[in-house]
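First, the structure itself, so that you have it in front of you.
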Amino acid sequence: MLRFGILGAGRIGNVHARAIASSGRAVVRYIADSMPDAAAILAGSVGAETASVDEIVASPEVDAILIATPTDTHADLIEQAALAGKAILCEKPVSLSVERIRSCLDVVEKAGVPLMIGFHRRYDPNFAVLERRLRSGEIGDPEIITITCRDPSAPPVSYIERSGGLYRDMMIHDFDMARFLLGDEEPVTVHALGGVLTDPAIAKAGDIDTASVQMQTASGKIVVITNSRRATYGHDQRIEVHGSKGLLRAANVHNTTVELANQGGWTQDAIPFSFVERYQPAYTAEIHRFLDFLEKGEAPRASGYDGLMAQKLAEAASESLKSGQVVFIK
Amino acid sequence: MLRFGILGAGRIGNVHARAIASSGRAVVRYIADSMPDAAAILAGSVGAETASVDEIVASPEVDAILIATPTDTHADLIEQAALAGKAILCEKPVSLSVERIRSCLDVVEKAGVPLMIGFHRRYDPNFAVLERRLRSGEIGDPEIITITCRDPSAPPVSYIERSGGLYRDMMIHDFDMARFLLGDEEPVTVHALGGVLTDPAIAKAGDIDTASVQMQTASGKIVVITNSRRATYGHDQRIEVHGSKGLLRAANVHNTTVELANQGGWTQDAIPFSFVERYQPAYTAEIHRFLDFLEKGEAPRASGYDGLMAQKLAEAASESLKSGQVVFIK
Amino acid sequence: MLRFGILGAGRIGNVHARAIASSGRAVVRYIADSMPDAAAILAGSVGAETASVDEIVASPEVDAILIATPTDTHADLIEQAALAGKAILCEKPVSLSVERIRSCLDVVEKAGVPLMIGFHRRYDPNFAVLERRLRSGEIGDPEIITITCRDPSAPPVSYIERSGGLYRDMMIHDFDMARFLLGDEEPVTVHALGGVLTDPAIAKAGDIDTASVQMQTASGKIVVITNSRRATYGHDQRIEVHGSKGLLRAANVHNTTVELANQGGWTQDAIPFSFVERYQPAYTAEIHRFLDFLEKGEAPRASGYDGLMAQKLAEAASESLKSGQVVFIK
Amino acid sequence: MLRFGILGAGRIGNVHARAIASSGRAVVRYIADSMPDAAAILAGSVGAETASVDEIVASPEVDAILIATPTDTHADLIEQAALAGKAILCEKPVSLSVERIRSCLDVVEKAGVPLMIGFHRRYDPNFAVLERRLRSGEIGDPEIITITCRDPSAPPVSYIERSGGLYRDMMIHDFDMARFLLGDEEPVTVHALGGVLTDPAIAKAGDIDTASVQMQTASGKIVVITNSRRATYGHDQRIEVHGSKGLLRAANVHNTTVELANQGGWTQDAIPFSFVERYQPAYTAEIHRFLDFLEKGEAPRASGYDGLMAQKLAEAASESLKSGQVVFIK
């Protein structure tokens, strides 16, 4: 069974470690974290050991490196793992800088190691089925893609300050989803709107909490994305594709199928408020797709190139917000 | 345009009068009611005049009689109208006595006048489409029919006392719907359950408020009906047919398509609490089907025979409740 | 009862004439159309007479003028009716030129006659309830408004050529809906995308068939609108408001509540393919709101000013499409 | 961690073994099956060893016995495990004979070992939440309980012949669900209908394929259950409780949230056709509830007594079908 070394024992490192441990196809061998206790607790719960980043990357007992550390370390760690000849699964983004992503991908290419980016939504069973049905031609060509993504609440301001801003931190998933759904075509224009409607502290941190972006491809296909950091009704995650022969959409996942009827109406159960809960099946599937990639040579759903392109769109959106004008993607 | 005389200016007489007035295909000529004021007000609002029952039935200016008087007058009025050569649209039931229905239908048959029974649910656009799709073979043969009918609240006890009981007064519509959906086959066994769960005064009046019936046809098809006099969430009206090739169901009609999402879940707008509001389109369609029947000779959706058969099932259910045993329909 | 003179006996003139005739509160007195047969047939079906535009506007037997003629005649007819002291209900738009609307509204104001604009969606029972609940504070302040409007098929190219383009002809309804939902605030920036994805003939006519617009108010509220001239699944009409305390949305209206389940899944009945069918209740309500406006002095849901403002947004969108840049509303 | 010995490596034994292996709270130590290969394969996949039934029951390395063998062995194996002092999780039913269940439960009671019955639907996250909300009083007292259970296709006739018939084999789950939802009260009358509508071979085997049962408690509460062995649209599993203050229902679980719209309507993804797939979360939860029972002393959701009572209702239904009459539960 394939042996993982996990760098980072935070929330997302935990999600991945457990997904690997219960996959039946791989094991977690080592876990590193700058907080030794966090690494030890997680290691204990999945039958792994703790080690330093350098030890893990160098270890002959590790086949693949899963990078779940803070964003600003991703590119360096990818390069280090690539040079050590390891397969790599890295949380998005590779870097907040498009140039840095480019140089990093060069290193990976020269090293010839497999790299997959953790855009978990591509692996969500609902979205994956929608994409497969879209690709099969069920609704003809996509014409208007609408992506709704709203979080129950904003992360701490301390996190926001170093996040690169909403477009790079949150909407990056939607940029990737847009590209995933568009297939061959890339957006060529980006116009971004944004504002602070939920918490002035976010403005002070130089960021926004409410945003929309519209993009268009060369052939005229349209993508519309809306984000909010504060959806009182849960983690709102929907996609919709209007095509030449019909419409496909993936609705929210509700906690249960239970419905209550009384004078006030007919109330369906709430949707998850935690992204971990919402995307548990996606994280599980992600590990399996990574293993399929390594074992069967199947193309990764999200490659380093996909990481680069999503970042370019996030960059363009940030620039558009600043200038108030449309940005053309070169 | 066909001229109606309406007997009875109560709630249901009002519904019918307005449906006729706005049909564009017929007019209300006369209205009779034991309460002259009620007749006058309704007449005024639909451009009709008031008259006595005898005058209306005898009038050469009346082509069709709509009977919306208390139940115990229906059979006599049908006979009177039939002997006068009028077309007849009579609210259910013809009579609470199966024998009386039989003798009444004999008179109608001899007179050779058209008679249609006001089982309004057969004309509901949702249920009518479901039945048409069922008949077209879309789900093969019906195997299990489930009918849910629940009223927001019970009628006054004074009404219940003279109603013939829940099976004859309320479930009669479901017996008719069951026969409508079954098509060629008739139920041959009836088993009824009932109890008083909402209001002891209903028990004192000798009736029940919560009931279910299951019936079976000779070939083994099953019908299940549940009723309640107290649905706090509105006028719950659903049908479902499990067939050999699929399932067809008609859901409740909601007041609007508006939905609210918040921490408590996702709440669809309520359903109507008034049967008049719920079945307005059905009453409108009923008048058109009656006119189609008279003008184009199309078979009435509900005939006198249908009125008789529904009453037989209500009778059998009442008997089953009393005996606690299964009743076989002869 | 209030007496209407209807100018224009086309499809929309028919819809209004029938809504008036069945309102029980008003009558159609005269109908004018450049095609005398069309006027005569419609007049016959609602108990009206035909007359010329001049005769109707001058007639003392006419209290209100309903204008349902081609767009380029609206402003002149409004002025003519205003000078004759009639109440006016005019189909959108007043004019394709913002300047012309301004001068026309001046005439109306000086004449002191009531004017209401036929933005029928404001009267749709679903959208009206959503707006009322939004105004009541149920979801706090609106933050992101998403409007989806897709037609089953494009009008004839000959119509498109004179329509002013998709933004002025089709999306104008969505601009009005956006303003209706925003309440006090107006959009200050407009960015429009558009393309031809369904029929090259539309490009030859100088128009687009697929479009989106995003707008922002001074306080940061965002509006996103998407349009298509070709929705194979019917007349797709949805609105959604993400607010500070929840989300309100109005879904599509389906033809019936019937659902089929088989191997292929669970299929709900289709939605209407005709806007007349889809918005029948809205047109009926529109007449009642106009009568409420005249009789009770209730503010019209859509005033001449609303007509002006929607046109300004359509203008800005057209300009944005041409320049590829963001347009600021002055 | 608690160590399981699993008796039976068939489909359901597999489901349980995997649920235990991935629970993180228990391990599978041994597996026995009359087909050694089946036992070996399953053992290999969950890190267990094979052994004989006698070895497993006697082993000091086994804390709990999971019985997933053919029905006619359950009672004997329960007794054997009880006498060996093991905790027991036994698939339904304990026995097809009410008397045999009684004597078996006596042995368990004397041995003082924990016993839980595998009525997996009680552990389904949707049904469990519905029951909890019902118990919390959200809709007041239950008045009408409707349980819909339909399988995609019948098991082999060879299985049906030894199954005890539809009521004991299939509807037994619904009898248990009815009791679960009723809470304190037990049904006192049972009337069963049944027929063969899908396959004459089932009639030859002495069984039915389409059935309904209605039951009533002493206070008048009503339960209606419908079953079919052939639902072309999947594993239809719904429950609905009409209460004095509202209605609670649990709808079907669909494969994904994806919906397609085209001319034919709006099609939601299908529901599972396999009960293993449908109830995977239920089987997982079942293991956790069993462990909670053992570790925290929480009452098992389904006890031996519940197994006995469900069997009594199945017995009564079989008797009612045979006699065509109502059966009173003593």
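The first chain written gets the first letter, and so on, giving A, B, C and D; residue counts start at 1 in each chain.
The criterion applied here is as follows: a residue touches a chain if its C-beta (ideal position, glycine included) is under 8 Å from a C-beta of that chain, and two chains touch if they have at least 3 such contacts.
Keep in mind that this is a model prediction, so the values were computed, not measured.
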Most distant chain from subunit B, judged by the mean position of its C-alpha atoms: A
Contact-richer chain pair [A-C vs C-D]: A-C
Inter-centroid spacing, subunit C versus subunit A (mean Cα positions, whole Å): 41
Between subunit D and subunit C, distance of the C-alpha-averaged centres to the nearest whole Å: 57
Where subunit A touches two or more other chains, by residue: 232-233, 236, 245-247, 260-262, 269
Touching residues on subunit A, where the partner in the complex is subunit B: 232-234, 236, 254, 260-271
List of subunit A residues in touch with subunit D within their complex: 22, 24, 45, 125-126, 129-130, 133, 138-139, 245-253, 255-262, 269
Residues of subunit C touching subunit A in the complex: 141, 143-144, 146, 148, 150, 189, 191, 193-198, 210-212, 214, 216, 219-222, 224, 226, 228, 230-233, 236, 242, 244-247, 324-326
